[in-house]
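Two complexes follow with subunit A in common, the first pairing it with subunit B and the second with subunit C.
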Partner chain A sequence: MKNEKSIKKLEELGQKTLDMINRMEQPYFELPVRSLSNTFFDEKSKTIKMGNKMSKRYFLNTKHTRKYAQTISIAAELKKIIKEQATISIRDLYYALKHTLKNSKENSFENQGESDPIIEDLEASLGLLREELNLAASTKGVISGKLKIKDGKDTIDLSKMGSGGWGVPSNVEPDTIEIKDLDADFVLFIEKDAVWKRFNEDKFWKKHNCIIITGKGQPSRAERRLAQRLNKEFNLPIFSLMDADPWGFYIYSVIKRGSISLSYSEEKLATPDTKYIGLTISDIDKYKIPPEVFMKLSPEDLKRIKDMKNYPWFKNKLWQKELNLMKTKNVKLELEALSRKRIRFITEEYLPDKIRNKDFLP
Partner chain B sequence: MMTKNVSKLKEHSIAEFFKKNRHMLGLYGKLRSLTTIIHEFVANSIDACEEAGILPEIEVKIVKIEPNHFEVHVIDNGPGMDEKSLGKALGQLLVGSKFHRLIQMRGQQGIGASGCILFSQITTGKPTKVINGHKGKTVYMEIGINIEKNTPIITNKKHINKEFKGLAISAEFKEVDYQDSKQNALEYLRRIAIANPHVQIKFLDPNNKLYVFERTTDEIPKKPIEIKAHIKSVDTDTLITNAKYSTAKTVINYIKETYDRVGDKFLKDLQKTLGKEINLKMKRKELDWDKAEKIIKAIQKIKTIAPRTDSIIPISEEHLKASIINILKPETLYVLTRKPTTYKGGYPFQVEVAISYGGKSGRKLKDKTIKSEIMRFANRTPLLFDQGACAITRAVNSIDWKRYHIRDFDNEPITIIVNLSSVHIPYTNTGKQAVADEQEIIDEIKLALMTAGRAISHHISKKMKHGLKLEKKRMFERYSYEVARALQTLTGKKEKELLPKLKEIILKRLELEDEEDSTKQEKENKKEELEEDIIDEEEQTNKKTPKITKNKDKKLNDFFKN
Partner chain C sequence: MKNEKSIKKLEELGQKTLDMINRMEQPYFELPVRSLSNTFFDEKSKTIKMGNKMSKRYFLNTKHTRKYAQTISIAAELKKIIKEQATISIRDLYYALKHTLKNSKENSFENQGESDPIIEDLEASLGLLREELNLAASTKGVISGKLKIKDGKDTIDLSKMGSGGWGVPSNVEPDTIEIKDLDADFVLFIEKDAVWKRFNEDKFWKKHNCIIITGKGQPSRAERRLAQRLNKEFNLPIFSLMDADPWGFYIYSVIKRGSISLSYSEEKLATPDTKYIGLTISDIDKYKIPPEVFMKLSPEDLKRIKDMKNYPWFKNKLWQKELNLMKTKNVKLELEALSRKRIRFITEEYLPDKIRNKDFLP
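So, the complex of A and B:
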């Protein structure tokens, strides 16, 4: 059965608790600290990782009791779901567990704000991805290209998905999604859906032998996991195509290095080899992008640039130059702005040119 | 024998004056007026019963006729009154057997009941109905006031063939109102019951709800002894005013007869201090403002003996305790009576306090929240109004209640009771609902409250800890059901078997916490003991009891000690 590993880990958790009770000791959980203070950038793997700090959650510490009970309740419910071979969303889980406590008017959970962080606690302490616990996040990503996917009993040909592309499911783990018959030289990870549609309509993936994928804004875990799998299992380079603004740069860094809140799972989600292909401020001069499509930086943008200049993975000459240029010119740029030149400029001239010249940022 | 009977009835002032200055009778505001009316009648009833040695049983009924129009009935089981006195007492203002006597007075100065009759007459045009059961005869009559002459108008007098002893008054009033408030007649009667445990009261409110306050003792309080004003407490105005009513021929005799603690030695010293300027043997009529002022100044310089204190009869700790337990049913109670002392160099007074915590203590609001309550009494009479202006309130609020484990004084179920007994209560104004800021009085109240606070604090902190512990235990138990259920899913071990183990672990944990707590508590106790030593020292220096002067008259000394 799928996710037997997960069931085992959950049962181990239960057994440890039972042992403590049999010893007449108050049970507790030992959980990794999931805050910024316990997060660091690992030079070796070049990803964001979680440190070793642990904290104890006691059953009989009045500040912990509720959370303790919630934690063990979630663990039990997860085992049930996995055994039933169902997949539910984290919202479903919240409702499944919500009830009034015996002899009281209090509820076991008041809102998802209580259950969601505990799910993350369990992921982190058990070393399991949400997907391995049969929890599904809603996904929005789409992908097109010359490859086939075997999802359960269905085989899907991603070159025949039409104008919509294939919707990335929430669980793209190898034991759920098999990638076969891949024929591509690289992966293009595009920030926005509208731009992805441009590339899909123009059959860019066919003409340039690649795979195009988008997370429709900030990508969910599934899209990042899939990109990582394509990179690690098939050695495909990943090129990031984002707006030339702090938000675009940030999304790029999440794909490349991982996110702080999910630092415990970044090993499976981050793709350190990702390169930034565009859009950059330097492109303005290279491609003579006219000033009428420029946008001014907001105060938040300026603050973001300042923060990013300090990120370890942006501390190289090229990125520092790029960030400074954005600050000095006080300008940001959306990908759609390239339509100013002509509609197909981005797919027929800009991107092919960039690939040919290997004009990327690390 | 020059002992003058100071209890002459003094009649002066006109009903007209009070008609225009209603507030002087305490009749301002519709709610306050009704409460004041009840107070006047009930106070008189209690006084009459006490003087006759009867355990008072009072029945009060308020009937709503229409908005702002009520009928008040008060019946007592007193001795009744002889008819002549009744007319004068109810139908004439500023008449009463208590005016000019420095007796500990429960009520006002005899303006009370007749003021109410006047008010009834002014607002309704009707007379007050009275049934008087006195010395075997029961008589019905209607009493009004001739406003110009300030004399009673008695009409419809008839004998009734019914056995009745006591006084029953029935009067209608307009411009009054009864509401559910902490200053209404019900609250007044409740507090009367607390401060007068020998009184039984039945009250039927305008909604026909019956309230009964049973007595908690059969002891009638002793009659306070009438005393003359202490010579040191006299001011210039009083010296001159009283001189008018004296019959003595000379000033020196006037002073000797009228005031307390005036002996031959005192007068000798006084004359010496005055020197040749003023001769005390002058004729009484020669006393003018300047001379009076100089005499008063000189008096302050001369040593006198402290006054008698058997002019004050407090409620007593035993009785106050019983009545509070009966009415407030507290969880924790501490009652304390301070020793009598004086203020302004001569007026005796005594403070009694009680701190009642839990049970029905405090005031429950409509939204079920509980607020603290201060009950102020002057000579056993509840002071319901002008709380903000009262020295008692000030004294209570100046205490640091946190020190006694009362974290949030305003919102705790606590009733503070303060009874000030004195022959002369210093009120802030003629409304007589607030005690004036006399430092000695405030200090006495504070000291009493601090002592009571300390006594109560141990109980409260114990209770608090116990309450917290119970809450904790309940919370752990609630969640242990969740844990047991989850563990059954994860390990297969049955909930039924897990729950008793979890319960044991909880108990073990709480015991451990108790041990840790008690070592903490021991340390705190040691700290508190040290602090108390410091407070006792403060008390010693603050106490302003006038010391007995080196009076070589042994007999007087012995008398005072008793």
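So, the complex of A and C:
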């Protein structure tokens, strides 16, 4: 059964509570503190991580009682849906549990803003991804290239997806998604859907023996997790292709190091081996990109550049140079700007050239 | 060659201009007026449509000269990309054409806000979808079910897509996407991705011999066009499954009748045969949905209800009743609210029941 080990962890949680009640002790949970102050960059895993600070949630503390009951109720529901082998959204979970308590006007949950953080508490304290608790996050991405995916009884050949690509599902864990017949040398992680379409139409993945994936903007958990699996389990290098703007750099940073809000899961989502293949402001001179396609930085861009210069993983000569160059030139550049050269410049010249010259940023 | 007939239409446009110049006449284009005043509900096609009002764009009218030159430049570029058999985004097109005119400081286009409306002018005046001009719109949707798609050299079996589904590509025109081995009785057009995932996981399309598609919110052109093709070419009924809120009703309205902003293309995008299968406010009593999962209407919701009551296609007893019921009960309801009954209530009871009883809205 899928996610059977998660049931055990949920039952342990319940058993502990029961034991405390039987011993006439006050029941409590121990939960990791999910705040910025308990988030750090872990030099060992090379990802953003949650620290060791713990807090306690007591049933008999009136400030905690509501949350305590909600935690128990969510844990019980998760056990139930895993047993039913159903995958549900966090919105489903909220509705499934929402009810008015007997002989009262009190609702179990007032809104989803109450249930979502408790799901995160459980993920963090049990050391499980939400996908391992049969919860489905939303997904946007598509993928194609030289591999097959075994998903349930279906074997899906990602080199035969036509112009559409396979829609990345929310759960790409090994017991759901098996990676088969992998015949690729690297993964190209593309920020924009329109650019992915260019690479797919030009069958870039065929000519260059690779896999192309996009999260259509900021990628969902599933696209990041799938890239991580391809890197960790199959040693495939991951190359990120983003706009040369602070937002593109930030998306790269999340793919590589993770995000603060998901720090408790980043060890399983981030891919520290990722390299940045483009677009950069240095490319302007290298590829003679005409100034007509430049865009000016906004005040928000400038703030973001300042912030990023202080990220530990951008504290590197090459990145500092790029960030400074962007600021002093007051220029940002979209991937589509390369269409000014010619429509297939990006797939036929730019990327092959970058790969040949190993022109990456760390 | 794909979209060869579009090249002819573009060349005719150029030839006309050339003829006028050779005759020493002032060159002009005739363009349909793309405004609300020239939009109407066509009783024959049962879709929103553009009217017959035309305007003229003169090369020698200084107010028109810039737009005239831009139109010629876009038409020429479109001919080029069709010949190259490349599909590009409207952003690519903007960048491809952006340049500073020789011996001047004048740019061909200042921003994409200048090129996009001209693309729409060309679509409207040539009677072509942008997909027929090798332009790719963004796409979000996924599809699975009992059919195969032939896309280039690939044949994609949509009944073997695992948990992911096939990502709907931007161009689903007959010369790109061939529909094969169709063994479905109907199409279920689902508003929300999370709900589509529920139907896909429960293999609803297998048990009920159908196709399930979602546009992940407001659908893109491609999802609507594909549904239309399945309806028009294969006589499949389309059933829409939306939230019982003004936004869900509006999305249904666009699938069925089209939108004002795309009035010039709606005859090829809208599917007047679509029926509304759920969710409705009447369902609250029919399925004993508990009040804990109700949501109150916002002032914006109330405004939208008022607007929709005046749409010609909602001027129908059943719809007026639903809209009034929503207003008087002051209730809206999300599809996920059905999870309050049980997680698989929607796929195992609600939808089968609706189909059995033919409980649809027109």
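Simple rule for what comes next: the second predicted complex is superposed on the first by the 362 of 362 C-alpha atoms of A that agree within 3 Å, B and C clash if a C-alpha of one lies under 4 Å from a C-alpha of the other, contacts with A are read in each partner's own complex, and residues count from 1 in each chain.
The rule is simple: contacts are C-beta pairs under 8 Å (C-beta built on N, C-alpha and C of every residue); 3 or more make two chains touch, one makes a residue touch a chain.
Everything numeric here is computed off the predicted structure, so don't read it as measured data.
Asker: Once the two complexes are aligned on chain A, which partner has more residues of subunit A within touching range, subunit B or subunit C?
Answerer: Between subunit B and subunit C, the winner on subunit A residue contacts is C.
Asker: Once the shared chain is lined up, is A:100 touching subunit B (first), subunit C (second), both, or neither of them?
Answerer: The answer is second: A:100 touches subunit C but not subunit B.
Asker: Touching A:209 in the superposition: subunit B (first), subunit C (second), both, neither?
Answerer: neither
Asker: Check whether A:161 is in contact with subunit B, with subunit C, with both or with neither, and answer first, second, both or neither.
Answerer: In the superposed model, A:161 contacts subunit C only, not subunit B.
Asker: Would you check which partner chain A:324 touches, where first means subunit B only, second means subunit C only, and both and neither mean what they say?
Answerer: In the superposition, A:324 touches no partner, neither subunit B nor subunit C.
Asker: A:316 in the overlay: touching subunit B, subunit C, both, or neither? Say first, second, both or neither.
Answerer: neither
Asker: Just checking: does A:298 make contact with subunit B only, subunit C only, both, or neither of them? Give me first, second, both or neither.
Answerer: The answer is neither, since A:298 touches no partner chain.
Asker: Using the touch definition from the top, say if A:26 reaches subunit B (first), subunit C (second), both or neither.
Answerer: first
Asker: Sort out for me which residues of subunit A touch subunit B in the complex.
Answerer: For subunit A paired with subunit B, touching residues are 10-11, 13-15, 17-18, 21-22, 24-27, 59-60, 62, 65-66, 68-70, 72-73, 75-77, 79-80, 101-104, 106, 108.
Asker: Given the complex with subunit A, which residues does subunit B contribute to the contact?
Answerer: The contact residues of subunit B facing subunit A are 472, 474-479, 481-483, 485-491, 493, 498, 501-502, 504-506, 508-509.
Asker: Over in the complex, which subunit C residues touch subunit A? Could you list them?
Answerer: Spelled out, the residues of subunit C in touch with subunit A are 81, 84, 86-89, 91-96, 98-100, 107, 136, 138-140, 142, 149, 151-152, 154-156, 160-171, 176-177, 193-194, 197-198, 201-202, 216, 290, 292-293, 334, 336-340, 342-344.
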